[in-house]
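These are the structures, in structure tokens.
What follows is chain A paired twice: with chain B in the first complex and chain C in the second.
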Partner chain A sequence: MSDEANKGLLSPLRRKLLMGMAAVPAITMLPGGSFAQAPATSAVNTTGLAVTDTEVTVGILHSATGTMAISETGSIQAEKLAIEQINAAGGVLGRKIKFIQEDGASDWPTFAEKAKKLLVNDKVAAIMGCWTSASRKAVLPVVEQYNGMLYYPTFYEGLEQSKNVIYTGQEATQQILAGLNWIAKEKGAKSFFFIGSDYIWPRTSNKIARKHVENVLKGKVVGEEYYALGSTQFNSVINKIKLTKPDVIFTDVVGGSNVAFYKQLKAAGIDLSKQALLTISVTEDEIDGIGGENIAGAYACMKYFQSLDNANNKAFVSAFKKMWGEKTVIGDVTQAAYLGPWLWKLTVEKAGSFDVDKIATASTGVEFKGAPEGYVRIHENHHLWSKTRVGRAKLDGQFELIYETADLVEPDPFPKGYQ
Partner chain B sequence: MFGDYSIGDLGSIFVMQGFAGLILFSVYVLMALGLAIIFGQMGVINMAHGEFMILGAYVTWMTSNLFQAYLPSLFSGYFFLAMILAFLASGALGMLVEWGLIRHLYKRPLDTLLATWGLSLMLQQAYRSVFGAREVGVELPQWMLGSLRVTDSIEVPINGVFVMCLTVLITIAVAYVLYMSRWGRQVRAVVQNRIMAGAVGINTEKVDRYTFGLGCGIAGVAGSAFTMIGSTGPTSGQLYIVDTFLVVVFGGAASLLGTIASAFSISQTQSTLEFFMSGSMAKVLTLLAVVGILMLRPQGLFALKVRK
Partner chain C sequence: MIINSRFFNRSELMGFIALAAVLFVILPLTLDVFRLNLVAKYLTYAFVALGLVLCWGYGGILSLGQGVFFGLGGYCMAMFLKLEASSVENTKIQSTPGIPDFMDWNQITALPLFWQPFHSLTFTILAIILVPGLFALIIGTAMFKRRVGGTYFAIITQAVAAILTILIVGQQGYTGGINGMTDLRTLKGWDIRPDHAKIILYFVEVVLLFACIGIAQFIRLTKLGRILVAMREQEDRVRFSGYSVANFKIFAFCMAAIFAAIGGAMFALNVGFMSPSFVGIVPSIEMVIYTAVGGRMSIFGAVWGAILVNFAKTSLSESFPQLWLFGLGALFIAVVLAFPNGLSGLWADYVQPRIDRLFASRKTKAGWTDNSVADGAPAE
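So, the complex of A and B:
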């Protein structure tokens, strides 16, 4: 695994970049260097981005209104926190980060329009944004056409890779496979029942999960069901679960349906302390709405839980709560959103430039040791190496860490044998 | 798919499945009742119906928080008070909306569609600003959780039974008010001939206001009850609006019996189909059937026979 990263770092292009960096006055490499000693703007910004001698502008593009505001609020909060912390530590190449926030309003064409506005009018150096795959798909042609840089936080279905996007969440195989392996081994699970919302992410994820269950774990999928987004009635499918008695219920139901599903599951007498349930769509954020008492005992497969016990995370959680209130919870995607500004800062410093082309190439191999989830590194396919973790939901709405992979899992957005 | 199961297993599944259909039926009736009154009796297309429901849900959430903080000993009974408060809050907001907005639009029914759609967006944003964008979790008293064990293999969810009882009660109450009481006669008189009703001394403005208020109040109770089975967030109301209109339009706009018959047929079709095929497919087939029947019978299942 580490060979992979080294290969990236030692490629000729990157060596050239490193040599280039060596030419930058050594003083700028010191952390917290004062603003007067920042490198000249003409040297670090050759493409007319919004970079001055003291400031650099980035964009934040999420839905603050509309259906998706439920989920995207956490990402906005995390990105603002990261920017504030970076500024407090001296900024990027001696420049303070200024952000322009635009509202995608849960509407995909609006996302594309606002992305264009940020890149063309505001000339932002990077965009932290998007949440749903649909919004990312709408923004992707825009950032590619105008050569912007997008940091995308959500775990997603994979099958995508772009020079202009850094995916700070997990792609499907990173999220699913280790979790399935664990539950098959730990619970001796052989039969699985899949339930998802009816759109691309659950369908792609379940396709991957089905191949893995059938071909690798030699188990059986006894049911695969999809419900329209926003469905609130799950009694029929719950009866089917009772009839087929699967070892594991595997779910990727999202949004308001999630709440209805777990409430009805509990009401139907399915006890999650006995019936194993593995979800890839419920984070601490969702439990706020579901209610801890309705989901306690379920397993979730993520890369981050608020309860992770390490120094980075403790500092992150307390800073987050200090900024946004004691009661806020932090889910997997919120943490991934927090990585965006930091990874961008580290990449800019590695490239010694704000130019998007230089950042796109310099991204490979960038490491962030201060990540709340622990060490992460950018793969050459622009996804992150990260661990897969399984947590068990508790009554208070937090997860208890049950299992984590020993090593970082390699991102594989185009998995062979799973399509 | 049934080859591997014993007769006993299958029997109990069919019982539970029948029950799932009945619960869905009650949910549909409950959410459609308020709209049936407003759309059926007044001809107002209220696109903000879902938001009135969610107001009821938020009132329930606030009541539950208050009880937890100040009266934890009475927590097990808070839900009943919450439903009454939800009725009052949504009803009061409904009357305010009728006074400020709807009454100016009675002669322009299509404009009410646009106006109430705008109202729905405004209410959503108001909820978001007041209660936050995230969903809130409404905590239920212990006795409302879990299921009743009828036999070893038949289990019936308690919240489903609760919704069913509530639906029956409210339906009876609405039927009584509309068909037995003096006020109900006034409402129906206004529906059939507004000018004539006014001429014989009925205060039509007042009747309109209270009818709209009653419809919204029932939506509030429905929203309160649905905190048991669904989510409570600024946009949760949108989850119900399509099904609600489906039930009311399919039933024949001006008929209470039609609403009930339509809720019954749609819920049974959907829950049976859901069991034999996937959820999305069941929805598609149900909608196709509804569209087909409406093409043959545009006035809906039951239509009020009036001389035109």
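So, the complex of A and C:
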């Protein structure tokens, strides 16, 4: 089955790969890349993972169907691209990566079942997967029990750390604090209105944001409202915004609700070029649905925008569009998903082994200089050191970079003083 | 033979033996623990399907809200397991150790009152039966005493499913919200996660399933079962004959609820997980589909329906991650269009006559009891 998936992937690619062949000899001359010097399987795989002399199998576990498919498709595409590029550059320890894709179907127990299948039946060396917190929470006990390795791409609420997970997205404090500092300084903002979807990530993020606003910025939270996932009626909260007139609207509304929210904001006459709005949940993927004209002027705070101007990112964006079409957009999570296979490859090469225990230990300090977001490094708590950036939404659905932190921000999944 | 020949007629006895052989012997011998655990998950839906046979197939009451009872049973079990997994030493990292992790994330600092009794396993087991039973009693009384039935009843059960989902998702500090209750570990200190525990749980579940099959068959054969069928066919005549139709309907609905709850509790144990995604409208309708595919008139058919549909779901989604939903949809449409009585109808129409002929040719004086009343034509 995975062979089929591979074929489907390869056939449109063949020509491009042939075109890229000229570059391959140069790349394979890099250290550790060529097949001739591949170490013996018995040495690099002592725990019975699916590793042969020429191949290593990993799992891709996202929702290809159901409500989350629209968000997770980008991650699947990014992971396939990364695997493709790693294979073209000689693979991992001389072995080509083969992937088995499973569908979590936007259903959390299905995620757990498929994760178990990948680890127990297929003996995959690593899983690139999960998107929502709920799916990660369902998969976490499975990867811990069967000692697997999960690379999780989404920005999330923190309060978690596992030997068996590498979190390639930002945890809440990394994403939020620098953004709030910036908007307080830049706009002189003192009063904030929080709006979120009703589940663990927005609630935890808003809790952190509230503590920061009240204790550090000495501002005031004038309202905090939650809406069920999938809600489309925001009129009452928009009225409250008009009454309280906050300096900043801070939102973590997710998924399809965003479309209704921004359209209703606009219809209510709230002009985002005058009213500051800071969102931590809208990436380029979401703007695709919202429409640039409805959100232009809003600020988003995350670690990656498609418009970032650096050589890594330009190469990444053009490779991504070549593989998946000109019209695709790349959001924060898609980029973080792209890091997963690369970080795993670098860690395997550092550890000189596919064994999960060795990878878990070797992860600390692994650096990836080729990341589209710029240099990243794995912290000993298995999250990434990364910069925080603020972008402003434009009419064409892209973000214009307004601000970025000077240094990498340390990940802190259990922030003291914010719980 | 222990089975009374009057309790099962011959074809039912064959069905019983076949199912017992498959579940007790063939599957445990041929499948690895991972697949056996999947079968255990499928079988939890067989409990629901069994309840639907009683309530829908025989009683003619279509409930589109069985997920509610599956969920209530599952959540009762999950609350007990979650409390055990949230011991003070397991949750040291939290700001309030000793309470479930999702409460801590939602700034709840003490265990809520309604969680307290779930420290006791005896209370939990009673709650698994009584909470959904009483809830079904209340809904059933409110509806059937007012002679609400048919489509209206189906719609109301669906609304209840939607309401309960919203309640669970909204009260995430008390219920775990959309994430559900995850990371369930031990039952009275016995680890439910390793392979040998999965095998034991599988057999416990199969035994329970056969107990429920026995109860369902018993109800079917008594006068009660005949009245249910009569009610399905001609409700007014039953009422004019002096029977309280409402009470019989309430009874069938409560039995279906309790079966579903047992399934839910076994689900929490086998999968180590409970979430609102089993409570809502979609899973409730799926459960009706399992019953329809298996055959809503047939106790064994429903069990097979639950196993086969879920098996198809797993294997299709493993082989065709992008396309499997279309395949599953086609399967359902085919079943409903071509065999309205499901797989058991197919069996009764095509396979059973051949077997009978085979036996009839051997035993010329064969004369078995007639069971045509309960297995009659569909009502709706």
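One rule holds in what follows: the second predicted complex is superposed on the first by the 386 of 419 C-alpha atoms of A that agree within 3 Å, B and C clash if a C-alpha of one lies under 4 Å from a C-alpha of the other, contacts with A are read in each partner's own complex, and residues count from 1 in each chain.
The rule we apply is simple: a residue touches a chain if its C-beta (ideal position, glycine included) is under 8 Å from a C-beta of that chain, and two chains touch if they have at least 3 such contacts.
The shown structure was predicted, so the numbers you read here are calculated from the model rather than taken from an experiment.
*Asks:* For A:S162, is the partner it touches chain B (first), chain C (second), both, or none of the two (neither)?
*Replies:* neither
*Asks:* After the superposition on A, what does A:A105 contact: first (chain B), second (chain C), both or neither?
*Replies:* second
*Asks:* May I ask you to decide whether A:T54 touches chain B, chain C, both, or neither, giving the answer as first, second, both or neither?
*Replies:* After superposing on A, A:T54 lies clear of both chain B and chain C.
*Asks:* Check whether A:S191 is in contact with chain B, with chain C, with both or with neither, and answer first, second, both or neither.
*Replies:* Neither: A:S191 stays clear of chain B and chain C.
*Asks:* Scan A:A267 for contacts with chain B and chain C and give back first, second, both or neither.
*Replies:* first
*Asks:* Contacts for A:E293 in the overlay, against chain B (first) and chain C (second): which applies, first, second, both or neither?
*Replies:* So A:E293 only meets chain B here.
*Asks:* Looking at the overlay, what does A:A228 touch: chain B (first), chain C (second), both, or neither?
*Replies:* A:A228 contacts both chain B and chain C.
*Asks:* Look at A:T65 in the shared chain and tell me whether it touches chain B only, chain C only, both, or neither; answer first, second, both or neither.
*Replies:* A:T65: touches chain B and chain C.
*Asks:* Both chain B and chain C touch chain A; at which residues?
*Replies:* Overlap of chain B and chain C footprints on chain A: residues 64-65, 198, 228.
*Asks:* If you look only at chain B, which of its residues touch chain A in the complex?
*Replies:* Residues 5, 9, 13, 16-17, 19-20, 23-24, 27, 125, 128, 132-139, 145-147, 149, 155, 157-160, 226, 228-236, 238-240, 270-271, 274-275, 278-280, 282-283 of chain B touch chain A in their complex.
*Asks:* Spell out the residues on chain C that touch chain A in their complex, using ranges where they run on.
*Replies:* By the definition above, chain C touches chain A via 32, 34, 38, 41, 93, 95, 102, 105-107, 166, 169-170, 172, 177-180, 182-183, 193, 271-273, 275, 277-278, 314, 317-322, 324-325.
*Asks:* Name, in rising order, each residue of chain A that touches chain B in their complex.
*Replies:* On the chain A side, the touching residues are 64-67, 69-70, 73, 198, 224-228, 230-233, 235-240, 242-243, 255-260, 263-264, 266-269, 285-293.
*Asks:* For chain A, which residues count as touching chain C in their complex?
*Replies:* 1, 5, 64-65, 101-103, 105, 107-110, 112-114, 116-117, 120-121, 133-134, 137-138, 140-141, 145, 157, 159, 198-200, 203-204, 207, 228-229, 414, 419
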